[in-house]
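Next up, some structures in structure tokens.
What follows is chain A paired twice: with chain B in the first complex and chain C in the second.
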Partner chain A sequence: MKKERIFQVILTDDEHRLVEIVKRLKEADQPVLDVYSPVPVEEVEHILEVPESRLPKAGFWIGFTMGAAALLVMIWMMRYSYPIVFGGKPYIPWPSFVPPTFESTVLTSAYGMGIIMFIVSKLVPMMKAHPIDPRVTDYMFAILLDENADENFLKQLANEFSAEYKKVNAAEDVVIT
Partner chain B sequence: MQGYESPLRPVLVKGEKTYKDVTRDILRPILGKPSWLWYLGLTASSLALLWGLYAIGRTIFFGIGEWGINRTIGWGWAIINFVWWIGIGHAGTLISAILLLFRQKWRTAVNRSAEAMTIFAVMCAGLFPLLHVGRHLVVFFIFPYPNSRGPLWVNFNSPLFWDVTAITTYFLVSLLFWYIGLIPDLAIIRDYTKSSIKRKIYGILSFGWLGSLKQWQRWETISLHLAGLATPLVLSVHSIVSFDFATSVIPGWHTTIFPPYFVAGAVFSGFGMVLTLLLIARKAMQLEDYITVDHIEYMNKILLATGSIVGTAYLTELFIAWYSGNIYEQYAFWNRAFGPYWWSYWIMMACNVIFPQTFWIRKFRRNLWWTFIVSILVNIGMWFERFVIVVTSLHRDYLPSAWSMYFASWVEVSIYIGTIGLFFTLFFLFIRFFPVIAISEIKHILGSEMALLKRKKSSSVVETEN
Partner chain C sequence: MNLEHANHRAWKKPLQLSIGLMALGLVAAIIGYFVDGHVHFVSSWLTYSVFFLGMGLAATFFIAVHTIAHGGWQVAFLRVPEALMIFVFPAGVILLLSLLDIHTLYHWSHEELINPDSEYYDPLIAHKSKWLNVPFFSFRSVTYIVLWMIFAYWLRNLSQKLDETGNLRYWQRIQFVSGLFLAVFAVTSTLAAFDWVMSTDPHWYSTLFGWYLFAVVWVSMIAVIVLWVLWLRKHGINPHIRDEHLHDLGKYMFGFSIFWAYLWYSQYMLHWYANIPEETAWHLLRFKEHRILFYLIIVLNFAIPFFALMSRSAKRKPWVLTFVAFSILTGHVLEMWLLVQPSVYHAHYLDHWTFSIVDLGVLSFMAGLFIFVTMRSLRRAPIVPEKHPYFKESLTYKT
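Moving on to the complex of A and B:
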């Protein structure tokens, strides 16, 4: 059994209200642990100053390395390991290496990014999910806060934006960083 | 980020919808009971698949002698079908990758099913070269792995090898792209369904998706960057397929126009298949609110554009053959149009060049029955294009004594029917168990669409008041 603890949650079904609530929480210095939503909400990312993903950088370097490796391996095979003259072509026919190098770059870069994303976002086949609320994948937006956050302020905020407030018991790893 | 929004643009979702409505509408076919039509379709396509498997079994057991190919025409239906299927696969990646980069919002309604078609079509395509090599047990020789044959490596100069790498990459990257897009939607089914078995299965398939801030951020980042990677990939795949022909010295194949002409033809045929299937699916699954006539019109415009590129390429080939002053080149093209296979050339010309040109007229673009007919004609025409390229170029060999004719045997035809069966079996299973429309992506554009709808309504009120 995973370690569980208590969280406070504010739920709303409106994207604009979500943004307003998050703004107010940020102003009041109440740390937002996570936000769950049925669609990506870029504005919340900006307000909470979530750092940009480094996936593209990883993808670039993986693709670059593996593409270069594929090129070097091809040169080694054709020039050093077993040199054959194919129809009078040079041992290193570089134009012929362009398509395989390109394909290896794209393949490794895509799968490198994909696998990294799956691991860092805790997306694993057979992984059991414990959503804070089953409605968050459908139409609800949920803001997850720490147990120590100012309860009265949260309740008042939820009231003001006609949002739901509740306390939940959830696994600690529900917060994805 | 979103840029300027034209007030003239049609609303992409019909009616006033909320997130709840979107979920309910798109999940209806998955959570409900399938109709008898679905069972009928699945049975028919799996029977076709079984028939194809029998023909494949015969090919493997008795050899390529079961086919109608001969010494002169060594590439027959297998290569025609291979290129045809790969072409059909191209619409999916074009819609999901290139149109994503161009910020075409209408792609959200059609990208999921088009991507699925890509994956299924590439599976069908990959089967043909595997069968055509004849010695199936040593197919793995194509991989450059350390071996005890010298060590003898593969020939990296060969376009056939490039083709293997291109198609493998294309299949795997499309699969990744498709599945990453599916994960949030599978999580919706997991949380929405009342059946515990379904919850378990979709729970496994959705990889524990929660829809958290970081997950969405990475999901968006990776979608955009995979689109960036898939864009040159989709252009490279059919270029490389065309190298299979263009790097040879056969008149009719040895032309520099092949890569762009093949890519345009692939997108053309891909959209033909997407239109055929979506016109049926939107009706059968009551998705008219999401796949609107405007979506069909957008796709018809792409069909028109790519069809015109293909038509231009046909005429360019004829012009260059004449302009080259090379009598063998000239003969190859004269023979296509007026030789023993003249009928295939004119079927190709009519289906690919003439009929899609009707889409210059708005009324035809928005007519669903006409679109359906033309989309099927495009599929037929593009099949004949590959027939013309492969068979007419080969059947007049360098030595007149080797001149020959080619007629497909029933085994070849059956394998082709079998792949159509495979494609439709997979497609029927897909529409039953996976959301046909990307729910999260529709929800993502829903806000702007509903705002546009409101603006349109209020402006029409003002107009009537005036």
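Moving on to the complex of A and C:
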């Protein structure tokens, strides 16, 4: 069993309230660890000053490398490994290399980003999910806070926005940094 | 009407620039007429009037397509495409004037080519003479331009009425007119490209040429919008333009540069692969005589926008957008030159001519007129359509 610890959680089912609550928490300097949401809410990222994702860059470089590799493989095959003239075209008929290069760029970039997402979110086959609250996978937005956050303030805040406050035991590495 | 922005002192610069460009351009064009000759002179007017007319048409399409799709993001700078749309009027007149010299521009217009008894009889052109003959061609040219003028005037007029009254009945009418325009545009844009540009070489054909020319003028029009929007924001004339608008315009430039490259490649690759003489001759002429230009337009119109605008932060930086917009505009001007002029000189049994003083003259005259007309119509209406139903959305939306 993994090491567990106590977290404080505020749950709400409205994204506008979520944004307001996160704003207030940030103003009060409460240690917000993570926000779980079934739909992307971009404003939360801006408020929490989450650094810009490096995923697009990874996607670009994977696509670039693999596209270049595909192009080189085609050139090597058509020119050096088994040179053959067909249709009167030169050994390196670059216009006909463009579609395969494009396809391999797009394919590897998409798969690469998907796989990176799996690695970052620690998703492996047969793994069981341990959501902070089962409703987070459906309609609830959850704000995860450290144990040492001001409990009274959180309760009052939850009350003000008719949100739910609770303490949960969860694995220590539930927070992805 | 709130026309305070019209008195902003920043307007002085584009006014001086446009008048300077027009005067210099006219002088250079007249000098060029004597240096480069009549044929080059006329074909320059054809090249650039089609280009600028196309940009005006693309601006009309921009408004129509966003209206029909209920897009709201463009409303904060809607006046810019509306102003560009007005350029259909002067460019259409200039194009019709240059088409008057039809025998210089289009060699299919010579009667002896379709006369079976003549020694110049050309069966391929005779076969196409049901479509390519002078009366029908003139009728079509006038029809396209008049239709586009009507729609440009109509949309502008309705937009101003909506702005004055705030009556949503006008908004519904704009939607109706936009739908009608899109149907007309779908047919006329392709046929106009076939008629004015593709028929300079009547033996050659490409079925996607209409879209290809549309991609050229559309992405150039987006680049012009970007430049105006950045200028209006820099001088605080339109304070409603936010980074989000720049971001979306950047996406437009990025996406449609790829769209252009896709069409360019689709056309080139099929012709290259099939290797049929009547199709490859067109590419061969351009590749042999203007090889640097042939590659340069791919760099300017595809490689630079593709790599410069790829990241999110680059799409929000004014200097990157300006740089890419100028790259795209230069690229597409050269591209228009490459589409029209080699065919024209080839039809006149000339081996070669280059981008020269007459091109620069006509181009700068048209550019000056373009700036002048756009500026004039920007100053004559409120800078933002405050009563547009999507105005608020444009101020608050997020990308």
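Everything below uses one rule, namely that the second predicted complex is superposed on the first by the 177 of 177 C-alpha atoms of A that agree within 3 Å, B and C clash if a C-alpha of one lies under 4 Å from a C-alpha of the other, contacts with A are read in each partner's own complex, and residues count from 1 in each chain.
By our rule, contacts are C-beta pairs under 8 Å (C-beta built on N, C-alpha and C of every residue); 3 or more make two chains touch, one makes a residue touch a chain.
All of these numbers come straight from a predicted model, not from anything done at the bench.
Of the two partner chains placed by superposition, only chain B is touched by A:Gly59; chain C is not. By the touch criterion defined above, A:Asp13 reaches chain B but does not reach chain C.
Contacts of A:Glu42 after superposition on the shared chain: both chain B and chain C are touched.
Contacts of A:Ser96 after superposition: both chain B and chain C are touched.
In the superposition on chain A, A:Gly88 makes contact with chain C only, not with chain B.
Once the two complexes are overlaid on chain A, the chain A residues touched by chain B in the first and by chain C in the second are 42, 56, 87, 96. Considering their complex, residues 13, 15, 34-42, 44-45, 48, 50, 53, 55-56, 59, 63, 73-74, 77-78, 81-82, 84, 86-87, 89, 93, 96-97, 99-100, 102-104, 106-107, 109-111, 113-114, 117-118, 120-129, 131-132, 134-139, 174-177 of chain A touch chain B.
Interface residues of chain C facing chain A in the complex, by the touch rule stated above, are 265, 268-269, 272-273, 275, 310-313, 398. Contact residues of chain A toward chain C in the complex are 42-43, 52, 56-57, 60, 87-88, 95-96, 98.
Taken in their complex, chain B has these residues touching chain A: 1, 18-20, 23, 144, 150-153, 155-157, 161-162, 165-166, 168-169, 172-173, 176-177, 180, 183-184, 187-188, 190-192, 203-222, 225-226, 229-230, 232-233, 236, 240, 243, 440, 443-444, 447.
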